[in-house]
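The structures come next, written out as structure tokens.
Both of the next two complexes hold chain A, though its partner changes from chain B to chain C.
== the complex of A and B ==
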């Protein structure tokens, strides 16, 4: 659905996006993750043709985007960039009618999308009187007009309260499930992408540092065993003698998961040496730690 | 294009810009009528004298910034709340947006001239001018509309590029003031902001020279074309930058 090849943007000699190769395939909810200022919005703007790439190409629906075919492709895309966008002095309905006219689709689309985002009751209110959550839902409704195959949402939950974030997340999942939309959603919050996306790409300083399915990422988060005893140096000696690989933490040792049998033997050995075990616990690596391992870079997300 | 004209109309229909539309022309109308009544011994030419008094303020000081305000308002709607992003991800050519806005502002300029003409007529009747209403004034209002459209096309370019609401209006005000100097030297045709006052024909209300009208129209077309080319090229190159 979306492919970028060496997409690069230089603003005033500063490289905002650096040879970005993004690959979003049909049916994905693709989480585009990166800290603020990493180049997410600029990348999305180049994909939509709002900003012109300094270098590289954008392919949408399998075709390279050119000046000639851009408007044609936009008919199949719903976008929400640096949201929310709206005309405050008009009602929610009028805002949607403007989009419906510009997208040249059926006027009934307005009712359909109002129902999806549950704004039917507030449709005749001026948008300037809407809450931020309502404005954001209206923005999403606008992107849904014409039932596009591809949805591009830039930080759709930015600034919302927890209930609003939850609601937006459910809506996005619903759209993917119910209308088989392919969705590209950006965020600076790892936890959010974790709960929403099927695939993710991580961008830092304009570079894509990781891109894969979320399932593959979780595979890295295998469990480890942490062991605490009353005498750490002696414990280490015993582990070394028995060739059990481990890492040392501040007051514990971390091992790969052992079989129950191996743990039993180990605890007996420690017991014989009068080393009391204070804790044996299973630990899972956080996604942050996995990134660090995969990329060798500290990502602040 | 038709679609954008419709959507622009939806945007402006309920806007506060109509307050400016109705209220501002009242000021020069009242001032002009008052001036006329104060100087009855010099101003002996009935409708024509009243016209000169009305248009002095209207053409130089009031209408150019008013047209500037119409244009600034229409672009401000896009500059605010990230609407640039949305409007340019719609499957419509960006240049059509400029042209639709030009159409709407031109329509408003025309309606403003109608309102100005009506105010003039009412003022004349109220103070009891008895001569028949001179029909040339309708031609002058029409020419002023054309001159106003030239200002609109330039102001729409300015407000498209400049995100500020007031700077372009300030430029329009300056344009109106400077047009006094250009007209005094007889250089009105080369200064776009002077075309409106020139069209209103307030300085020499009795001379309607058809040769001048021809050059007037040429000048209007010239400045229209310049604005059009600018808008076309600028919208082709524009980058909506990340904020």
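== the complex of A and C ==
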């Protein structure tokens, strides 16, 4: 659905996006994750033609985007970029009617999207009187007019209160489930992407440093076994002798998960050598730790 | 056409009619006051007097009015961060030209209103001569052209600057420059676009300091000035088009 090839943007000699190769397939909820200033918004703007790439190409629905076919292709895409766009002096309904006129679609679409984002009751209120969450939902409603196949949402929960975040998250999941939409959603919040996405791309200093399914990322966090004994150097010798791979941590050794039988044998061997086991525990890398390893930055939660 | 229809929708509740009406009322009260005491000589020269004074008033009022129009038309987009949304749905040039159309419409209504007001004043005060229709049409034409030029200039500024105090400030400054430029020598006047209401006027005044008598006279129509103002509009439109179309969000 979206493919970028070596997408690059240089602003005043500063490379904001560096040879980005993104691949969003049909049916995915693709989480585009990265710390603030990593180049997420710039990448999305280039995909949508709001910013001109310095280098590289964007393919939407299998076709390269050019100045000529841009608007035609964007008809099948709903987008919510950065802060919500609205005419504050007009009502929610009037705002959506403007988008409906621009998209040249059925006027009944306005009622349909108002129902999806649950703004029917507030539709006649001026948007300037809306809360940020309502404005964001209105923005989403605008993006949904015309029932697009692909949704691009840039930090849709930014600035929302916890209830608003939860509501937006549910809404995005609902859209993917009920309307089979492919969704590209950016965020700097790992926890959010973890709860939403099926796939993710991690961007750091303008470069894509990870792109795969969320399931595979979770594999990074595979369980390991931490072993603490009263004599660590001797324990290490035994492990080396028996070809058991391990990593040394300050006062423990970390091993891949072993079978119950292998653990039994190991504890017997240590017992025979009079090496008392003080602790055997299962450890799992959190997604935060993986993210930190990949990006070198502490992730905000 | 679609973009123009949408532009009309967007300005709902923005009271653009009040801007036009307010400008016309201000001009009307000013002219009612200035024509309140007219002797027979004044009544003979009534039309000339109006065609002399109206451009002077326009130099003060219309730069600000066009600035306010352009600012309100652009500010609805800046305030709600809607330019990026619009660019996903419509060509930039359509947005730009729809905004030009809207401004030209309101400026046109204002100019037409001025001519109607002058005719009304002429009949109300009982000017002795019949209306100089040809010169009134010329007045309508050049006032419209100068106002369009100023609107285009202000629109360019209002689209560039998010903070609308800057273009509005420039329009107020333009109003002063326009008025004071008319007291400068002829050639210098022509460098200030805000003063073109006066530059293109075909009525001049002699004022005898001893007898304190004002005497108006016709001058040839300033076609060279018309060319300058049209050229200015074309350049500003092209510049605005270039800047606005290329703008990234």
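Following the convention adopted for this analysis, the second predicted complex is superposed on the first by the 261 of 301 C-alpha atoms of A that agree within 3 Å, B and C clash if a C-alpha of one lies under 4 Å from a C-alpha of the other, contacts with A are read in each partner's own complex, and residues count from 1 in each chain.
Keep this in mind: a contact is a pair of C-beta atoms (placed from the backbone, for glycine too) under 8 Å apart; a residue touches a chain by one contact, two chains touch by 3 or more.
Because the structure is a prediction, the values reported are computed rather than measured.
Overlap between chain B and chain C is detected when the two structures are superposed via chain A.
By the document's definition of touching, neither partner reaches A:186: not chain B, not chain C.
Legend: residue contacts after superposition of the two complexes on their common chain; A:104 is shown touching both chain B and chain C.
Residue contacts after overlaying the shared chain place A:136 against neither chain B nor chain C.
Of the two partner chains, neither chain B nor chain C is touched by A:229.
In the superposition on chain A, A:72 makes contact with chain B only, not with chain C.
In the superposition on chain A, A:85 makes contact with both chain B and chain C.
Look at A:16: by the touch rule set out above, it reaches chain B but stays clear of chain C. Across the two superposed structures, the residue set of chain A contacted by chain B and also by chain C is 45, 48-52, 71, 74, 77, 79, 81-90, 94, 97-99, 101-104, 142. Looking at the complex, you find that chain B touches chain A at residues 3-4, 6-7, 10-11, 14-16, 77, 80-93, 239-243. Only residues 45, 48-52, 71, 74, 77, 79, 81-90, 94, 97-99, 101-104, 127, 142 of chain A touch chain C when the two sit together in their complex. In the complex of the two chains, the chain A residues touching chain B come out as 11, 16, 41-42, 45, 48-52, 71-72, 74-75, 77, 79, 81-90, 94, 97-99, 101-104, 142. Here chain C touches chain A in the complex through residues 2, 5-6, 9-10, 12-14, 76, 79-82, 84-91, 248-249, going by the rule given at the top.
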